[in-house]
Amino acid sequence: MEDRVRFILEEGERLWNKMKEIRPLVHHITNFVAMPEQAHATLAIGASPVMALYPEESGDMCSIADALLINIGIPSSEIFSAMRKAVEVANRKNIPILLDPVGYGATPYRNYVVDTLLKEYKVSVIKGNSGEIMALAGSSGTVRGVDAVSSVTLDLKDVVKTLANRFNAIIIATGEEDFISDGKEILSIRGGSSMLRNITGSGCIAGSIISALLGVKEDPLIASITGLIAFKLSAERADQRSKGPGSFRVHLFDELSLVRGEDIMKEGDVKLWT
Amino acid sequence: MEDRVRFILEEGERLWNKMKEIRPLVHHITNFVAMPEQAHATLAIGASPVMALYPEESGDMCSIADALLINIGIPSSEIFSAMRKAVEVANRKNIPILLDPVGYGATPYRNYVVDTLLKEYKVSVIKGNSGEIMALAGSSGTVRGVDAVSSVTLDLKDVVKTLANRFNAIIIATGEEDFISDGKEILSIRGGSSMLRNITGSGCIAGSIISALLGVKEDPLIASITGLIAFKLSAERADQRSKGPGSFRVHLFDELSLVRGEDIMKEGDVKLWT
Amino acid sequence: MEDRVRFILEEGERLWNKMKEIRPLVHHITNFVAMPEQAHATLAIGASPVMALYPEESGDMCSIADALLINIGIPSSEIFSAMRKAVEVANRKNIPILLDPVGYGATPYRNYVVDTLLKEYKVSVIKGNSGEIMALAGSSGTVRGVDAVSSVTLDLKDVVKTLANRFNAIIIATGEEDFISDGKEILSIRGGSSMLRNITGSGCIAGSIISALLGVKEDPLIASITGLIAFKLSAERADQRSKGPGSFRVHLFDELSLVRGEDIMKEGDVKLWT
């Protein structure tokens, strides 16, 4: 194992344990489909979720949170207004933000919401599936509804690095192999389960886990990689005990609750590309 | 087995396989209770769900979908406006629409939403429980909240046929025995599980499955019957392994993912009445 | 066992059986995270849930319900307006109301919603976790997001009694030990499972169960205690068969469906303090 990868995994182990100790409060503004599952996932790993979806209180709620997750899965102008209030508070108070551009490219309104947020505010991490990240980079025809399609022509490794520099943020493109970049390094993580494509909100759940780790307020690259490893190994373990998507979901939440810091070090299948 | 029933089941087998191949995108505008489960069910059978609930993007999202499901389970004027935009696009682009008039008869506003949609637009399939379909036919006192009650005085077979002609659509009245009519034929399907009454959104899930099959854009009567058979046999199989509504839901999603085209032919318990 | 406790448990046994017979319709205006689970829980115990979230129909829906549950978990001015319409109908028609002040103390808007409802209307039961009930009594620093924190300085027994007199309602503060008062008596209930802290909406589910029992329209103190016992013993039984929060949730819904009236009498671990 390369020294740099070993360092990242050691840091990940430490960060996971610290997250469970601190129990960060993650303010979610997210879609109605994944919302219950994201709350369950956040609790399962030992952090604390709160959902304040409307502008009447989103700014106030964000001000007491350790991290903010913005998921644009079911956007409206009211929810967008709540996002802006929360993001503004987060930027002012240095609360880390994870942005999940669900279905970017599928409708003009989704693009408008994401583009506006990225233009006017600073986010720490942007996490999407490969299709969404490709669309964000200007490649069309890569999203259908909210799912990525395979007609990918650009190299994901280049894309995450370019976008990381453009938005001054960690970029994550999830898939069978996840790609991550902070604009300097490019890393990838293998693992997970094909079952993840058969349940709703699996990417959204990964966002919650990373956000909980961002809530510790250390290195966002380590937080991103650690969260992805924890998610992927929980999915792998759940897969082995599942007969279909129903039982997979049950085991996934059980396994998320059982991840220990040392698992990050032992099972993280991380590769450094640059 | 009658020739006509045999033909329907053979077509159903073929349609199920084709649906899994094509992976239709089903745009849902539905209630918050069943939404996550409908997304899971759509994915479980191998189709692709998308939820765009608000007028800011419902028309745009519908334009890329293969089928549109309108479920009025938690209506508001904003969501109604989103429905109208989506339905308008669907009608213009010949995208098939399934309408689920959840709780029709329970409040004046629900009736207004459904009546307006049926007056101004064309839908392919209307699917409700027996109480909702009775209420739609003008029989009062058959809905309590969103559940059917037993005081049914009209003959369901007549009702589905009459409504099919009135709305120029396939009408489905679900229950222990489902009744289906296209205005000419009346068919019924036996099977399922009493457990379906103990979980929320079971009827809504059936709507998602039928909508996925409508997305193949062939005969909507075959799509309706095939979807109901797939749902009922999954419920039957799940029931045998369940101790209560919690485990039933888990097994139901597993079983939905395991249905194969040949099961439709072998296990569909369909009766032709006319 | 004290005579008074024995009487309460006997009444609880009778009430549970009567609830299952009557199948009360519980109108929920609640948050999007717990909504599906509350619907499932209400069905699991044999009652009937309905969710009408928007002002367009919340008053009409309430008028046919047996009980109204108001949960302020994700408040907005639109949903608050729906709450007011429903509560107004409930008060006029003597439909019992349970108020769940989720996250009271976390944001000014949540406080405004709860304070206004309590000032202008009459509720039968207020049920919160210990932090929310403490905040309602004016003790600050006891809520973080929507979860209670431990820095409790007042005596919960005193608080529930004081608030019961102030609001002329049954007050319930949930936790490892639940405290209940009607302003005269103070009772506590032991039991449950530490797993309840690892799933979302467990307190919300308890609210649905109590509301179903309130729907029988007998003694609200008995309804409160009976619902809490049924919830706690289901959680205890589910815990024994669970490996983590995923399987715990599955077993919890199974166990809720299996609770019988006689379990209330046999397993209710109730203590009378005054």
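Labels for the chains are A, B and C, by order of writing; each one numbers its residues from 1.
The criterion applied here is as follows: a residue touches a chain if its C-beta (ideal position, glycine included) is under 8 Å from a C-beta of that chain, and two chains touch if they have at least 3 such contacts.
Quick caveat: nothing in here was measured; it's all calculated off a predicted structure.
Visitor: Linking chains that touch, what shape results: line, ring, star, complete or other?
Guide: Topology of the interface graph: complete, with all chain pairs in contact.
Visitor: Between chain A and chain C, two touching copies, which fits better, same or different residues at the interface, with half of the numbers shared as the threshold?
Guide: Answer different: the two copies use largely distinct residue numbers here.
Visitor: How many angstrom lie between the CA centroids of chain A and chain C, rounded to a whole number?
Guide: Measuring from centre to centre gives 34 Å for this pair.
Visitor: Touching two or more other chains, which residues of chain B qualify?
Guide: If we look for residues of chain B contacting two or more partner chains, we find 32, 36, 249-250.
Visitor: Would you pull the chain B residues touching chain C in the complex into a rising list?
Guide: Within the complex, chain B contacts chain C at residues 31-34, 36-37, 73-77, 103, 106-110, 144-147, 197-201, 242-247, 249-250.
Visitor: So in the complex, which bits of chain C are touching chain B?
Guide: Per the stated touch rule, the residues are 25, 27, 32, 35-36, 39-40, 43-44, 48-57, 60-61, 64-65, 78, 249-258.
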